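Take a look at the structure set out below.
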Amino acid sequence: ADKLNLQLKWVTQAQFAGYYVALDQGFYEEEGLDVTIKPGGPDIAPVQVLMGGGADVMVDWMPSALAAREAGAPIVNIAQPFKSSGMMLTCLKETGVTGPEDFPGRTLGVWFFGNEYPFLSWMSQLGIPTDGSAGGVTVLKQGFNVDPLLQKQADCISTMTYNEYWQVIDAGISADELVTFKYEDQGVATLEDGLYVLESKLADEAEADKLVRFVRASMKGWKWAEENPDAAAMIVLDNDETGAQTETHQKRMMGEVAKLTAGSNGALDPEDYARTVASLMSGGSDPVITKEPEGAWTHAITDAALQ
Amino acid sequence: MRSVLPILTVVMAILALWYGAAVMLNRQWTLDQAARAGQDLTIAQIVADTMAQERPKLPAPHQVGAELWNTTGAMVLEGRAFTRRSLIWHGWVTLSATLVGFGIGTGLGILLAVGIVHNRAMDMSVMPWAIASQTIPILAIAPMIIVVLNSVGISGLLPKAIISAYLSFFPVVVGMVAGLRSPDRMQLDLLRTYSASPSQAFWKLRWPSSMPYLFTSLKVGMAASLVGAIVGELPTGAVRGLGARLLAGSYYGQTVQIWSALFAAAILAATLVGIIGLIQRITLKRMGMAR
Amino acid sequence: MAGPVARPGKGTIVKSAVIKADHLDLVFQTNDGPVQALSDVSLSIEKGEFVSFIGPSGCGKTTFLRCVAALEHPTGGSLTVNGLTPDAARQARSYGYVFQAAGLYPWRTIAKNIKLPLEIMGFPRAEQEERVARVLELVDLKGFGNKYPWQLSGGMQQRASIARALAFDADILLMDEPFGALDEIVRDHLNEQLLALWARTGKTCLFVTHSIPEAVYLSTKIVVMSPRPGRITDVIESPLPKERPLDIRDTAAFLEVAHRVREGLRAGHAYDE
Amino acid sequence: MIWLGGVAAFWAAALALNVWLSNSPWRRTWAVRLAVPAIFGLTILVVWEGLVRGLGVPSVILPPPTAIGARIASSTSILWVDFVQTFVKGALSGYVMGCSAAVLTAILIDRSPFLKRGLLPVGNFIAALPIIGTAPILVMWFGFDWQSKAAVVVAMVFFPVLVNTVQGLAASDPMQRDLMRTWSASYGQTLLKLRLPAAMPFIFNGLKIATTLALIGAIVAEFFGSPIRGMGFRISTEVGRLALDMVWAEIAVAALAGSAFYGLVALAERAVTFWHPSQRGE
Amino acid sequence: MAGPVARPGKGTIVKSAVIKADHLDLVFQTNDGPVQALSDVSLSIEKGEFVSFIGPSGCGKTTFLRCVAALEHPTGGSLTVNGLTPDAARQARSYGYVFQAAGLYPWRTIAKNIKLPLEIMGFPRAEQEERVARVLELVDLKGFGNKYPWQLSGGMQQRASIARALAFDADILLMDEPFGALDEIVRDHLNEQLLALWARTGKTCLFVTHSIPEAVYLSTKIVVMSPRPGRITDVIESPLPKERPLDIRDTAAFLEVAHRVREGLRAGHAYDE
């Protein structure tokens, strides 16, 4: 079987259920692939791993992928299993935040490490400075948990619909005490978990064929996961070596993730792409990317995989 | 054994402080919950609640103790000592990287020290850079080390071990340089009157007289090695080991799990250091240096 | 290589100088500037002589011994040992050196400490044992071979360090105040022993001491030094016979030599007011 | 190949120069003492540059020193802001608080053998808690700004300094303590005039180790939550952005600041313990 | 609490014992079992006496001095100093103690080292300076006040430590082999100075030495001790006059006392074969 390494963007959780299902249900094997899934973590930059040859395919968000491409990393989107964005800004109601117009003067928690681009372009579209100048917001680098909101160190924090939001709820704060701003609803959604490879892989026919088989099996995995969310969550749980994940949380996460993957057959929707690029370039004086990317995505793989 | 009572007293004092702090820190959450539910709580209820929260800001000692037991002793009793939910298994993963890293770091440290003591050019050029190397935040370059090693095909235990070696070689260099230089002028002159060769001087004088320093630096190095292995686990994908447990606990706000992993790490460190202390005592006694 | 034979003192017969210092100078470079430790020291010592060095603290006695042992290198003048440079003589393992302090290795027992030079010089194992036993007996430490240094009193440690220097039978013995830490009775006893050993083996001895009677009792030649800079002020050839019972110290000849040494010493001090 | 060959040649030449310099008559002079490590460092940089270029290492993996240098030159204001946040506010304040608390505690412990026997082993155990674990907790307790970083630094430097100070306070010669007793000196007098001065070499040993720990602690703590400035923040953010030259620029500043900090403490040590044999030199 | 005035020398009137030891015992508990350092030591020392202690290494001389200074606590018998317990006497700052080694503080200059006890006892600043200058002169170290200990030779360090013990004018001087590291000339000189000081001030001196002539030259009373367990074997009242030029050492009276001391000492050793 052909060996293939997949680098995830984050730790083993239902966010990546499709790949674990494909592995567990033998979809990769059926395609003649021997896939190794490498979990990510707070310090892992998947692009770096890809460039260093540690992985053949990576899962990444489009904003950071495009930024990396502009920085000189020749990476290309070959598939986009996630149709919608799960990103939100979650605020405590008691702080009095009701809409984006209330943001100035507030303290907002933001993930960095390449995950800050959606937030930054949203703020620049709103015209709110993030550099600490007057009339702007105070930005905190949020660690990997929801403490800042619970400890009231921030008025709002970044959350994912499928993960951190539920951690806030689990911490004993009920949904009606929270105000949430989904990026989708604010019209600033950018594409999340896509599959990326180095350009050189696409030029090589054998490699390209491997990728086709990989995407086909992965999408099969995703659709299986959407149909059997609880079973998929259990598969994820089986693959979690830390032993820290809980069944309830993963089942709930799988349910939320299914909503995000629902609209996608794997092929990147050029409209979504265009919207993401526009959003990233609209950043006023400090856009995330400065020029329209070229060749940053391809349908070649998905076309072959899905025919 | 005279130390038992003082240690117990101090431990008791710390536990008392800890319980007090747990009540103070976790109180707010209890009160908030009660306010939301529209309840009024008595002091006793508040205190009881602060010690039994699922995600306390500061878990109470008995919660940590129970979690430690559940993930170690209880697992052993059930015969599941080497499953993923067992701290024994995670501890073992960390321990193996620690020991390999400690071996590499100590070896390298001793070699460097020997070079520094015997070669003036090395002494003058290497020492300042060894110091500078320790001011580099390891957490910052650990992912890069992992990536670079990955790209040349090395993965698994070794990258973690290299990070732990990076942290442990420094105390060994510093200690051994001091130790190998500890013979006084007269002891060295004595060998010169015998016209002893450098290697005779090393084995008969420098090496034995560096023993007390060696063991002290081994203890520091071992502790540093463990920290290195844990740091190395974070960017390796954080799938197993005590570092992964810490991270996962932190990620899901499971403070009890963080604290139990933390204590497991400290117990591991204390045990390893204790073992070196034991070897030290035996060796020095054999050498007649312990009185 | 053997240098021309020297003509020391008033002797007229041709003797072979074991140690020959010629206008020796030694300057230490320190932070406060140079320190002249030895200045224009000329001295010739023949084989089998017992030479004592006496002089106030800091006059350069230790420094001279260290030059002979090639532990210090003179900054001027010449010094030969057995006709060789001190370095070459050291390589030929010609010295036994007893330092001012015992300097035993704490991780070795007394016997192992004495065995150390034998190991380094590669004596056969059986001979090592035998030599250790012999010198332990010589310094009255039989039965203490398996003790560690700190289990012995200061005087016993000092004796062990003497035994160590004697173990490998070097031709030249350099001893720097070996008996400083001992009380009078022990000291007398060891003086006798040392003299007997010297008479038996014909070694050349260089001996530093602060005690005038000790110097006179032991030596064939007494070198009196004065400080700042370290110079030789007097070289006294002893008229005493080679055979010296302890009570020779009450004879007139002895007292006369002692007096001359004392006068020489006093000249180096500033207490004449 | 040209690069690799050049690297090898340079390395050999620099090595030879260093060996010659360090055995030359001027080896005790200030100039040579600085030059030798500088040449060694330069060698590392040249070898690094040569390898990166010669082997075509992508700059998102490891940028060449020249790129890092250019980045330092063009980003001085950011580097300065980060330096103030992390080093001055976080590391220095934590260092001062941690070290003084440690010395005071050591004196307390020293007065009571009971505490000494009880607190030291427990203290050593607590010191073995890895900071990676304690840092998120301290950030949770003390907030995002420099206070939590200082707290991490305090936790890191406290025990090395404590242990060294306790050892140092015990180091004064028994005879000298007896001498104090014959004068019937008070505890305070003995402490001030004998035990603290005699402990200084040990205390400085702890203080020196603590300098590197302080900087690492402050930087690492920023990984677990911070305002949007600081060396640790910048490092983790810029890795995510693949601006590795910026990451290495921060690392260079950290190494420089850390070495300078260490050097300053070593200088203070020289001034205070001038009398100790290890300082009086050859 | 000033005791009744004493009349040193051979007077027959009722005297006040400054130091009175009665059947003193001291046992050290060590890992190897108990070590009897002092056994049944009874001794009475009057004000203004100069008492030397002599005996082989390890016989308990230092231990006895330490008991007097309340640095060691006897396990049996009684010991009073000025009629008080040693502890109380220490609190009254009655002792000046010169240890066997110099024990100067390396971070203080010589002058500051001497000033240390004065600071601790709270002497006024001006008087501190004046006293330091005076004792520096007394031990011939004028001009070395600003040097650090390691910049001086061993002998000079020893003299500085004597100056330190003299600076605050304690009534009782305890000196443990203070002149061990010095050469004969310096030693003679300091012996003279010490004797003059003692005669002038009427201090009570307890003095440990290994040198028989020194003991005889200085003392009004010589205590000979023997080891294992430390006992007093002889107490010799010196018949020598209070006025003692250096050449008193050649008189018959002197030699006789010295002979008695030597005999007493020899009895404690095992070299009689």
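First chain written, first letter: the chains are A, B, C, D and E, and each begins at residue 1.
Going forward, a contact is a pair of C-beta atoms (placed from the backbone, for glycine too) under 8 Å apart; a residue touches a chain by one contact, two chains touch by 3 or more.
Keep in mind that what you see is a predicted model, and the values were worked out from it rather than measured.
Q: Would you pick out the chains that touch subunit B and also touch subunit D?
A: A
Q: By the touch rule set out at the top, what is the minimum number of steps from subunit C to subunit D?
A: 2
Q: For subunit B and subunit E, which third chains touch each of them?
A: Touches both subunit B and subunit E: C, D.
Q: Based on mean C-alpha positions, I'd like to know which chain lies farthest from subunit E.
A: A
Q: Quick one: most central chain, C-alpha centroids?
A: Measuring from the global C-alpha mean, the nearest chain centre belongs to D.
Q: What is the distance in Å between the mean C-alpha positions of subunit A and subunit B?
A: About 35 Å, centre to centre.
Q: Can you check how far apart subunit A and subunit C are, centre to centre, with Cα atoms defining each centre and the answer in Å?
A: The answer is 85 Å.
Q: Determine the centre-to-centre distance between subunit C and subunit E, using the mean Cα coordinates as centres, and give it in whole Å.
A: Once rounded, the distance between the two centres reads 32 Å.
Q: Rounded to a whole Å, what is the gap between the Cα centroids of subunit A and subunit D?
A: So the centroids are 38 Å from each other.
Q: Name the residues of subunit B that each touch 2 or more other chains.
A: Within subunit B, the residues that touch at least two other chains are 57, 139, 143-144, 147-148, 151, 234, 250.
Q: Do you know which subunit D residues sit against two or more other chains?
A: 61, 136, 140, 223-224, 236, 239
Q: For subunit C, write out the residues touching at least two other chains, lowest number first.
A: none
Q: Taking all chains into account, which pairs touch?
A: A-B, A-D, B-C, B-D, C-E, D-E
Q: List the residues on subunit B that touch subunit A in their complex, please.
A: So the residues of subunit B in touch with subunit A come to 29, 32-33, 36, 55, 57, 83-86, 90, 139, 142-144, 147-148, 150-151, 155, 234-240, 244-245, 247-254, 257.
Q: In the complex, go through subunit A and note every residue touching subunit D.
A: 42-43, 45, 47-48, 51-52, 64, 67-68, 71-73, 112-116, 130, 132, 138-143, 145, 147-148, 151, 153
Q: If you look only at subunit D, which of its residues touch subunit A in the complex?
A: 58-61, 136, 139-140, 143-144, 222-228, 233, 236-237, 239-243
Q: Tell me, which parts of subunit C touch subunit B in their complex?
A: That would be residues 66, 69-71, 90-91, 93, 95-97, 99, 101, 103, 105-109, 116-117, 119-121, 148, 150, 168, 174 of subunit C.
Q: Could you pull out which subunit B residues touch subunit C in their complex?
A: 184, 186-187, 189-196, 200, 204-205, 208-209, 211, 287-289, 291
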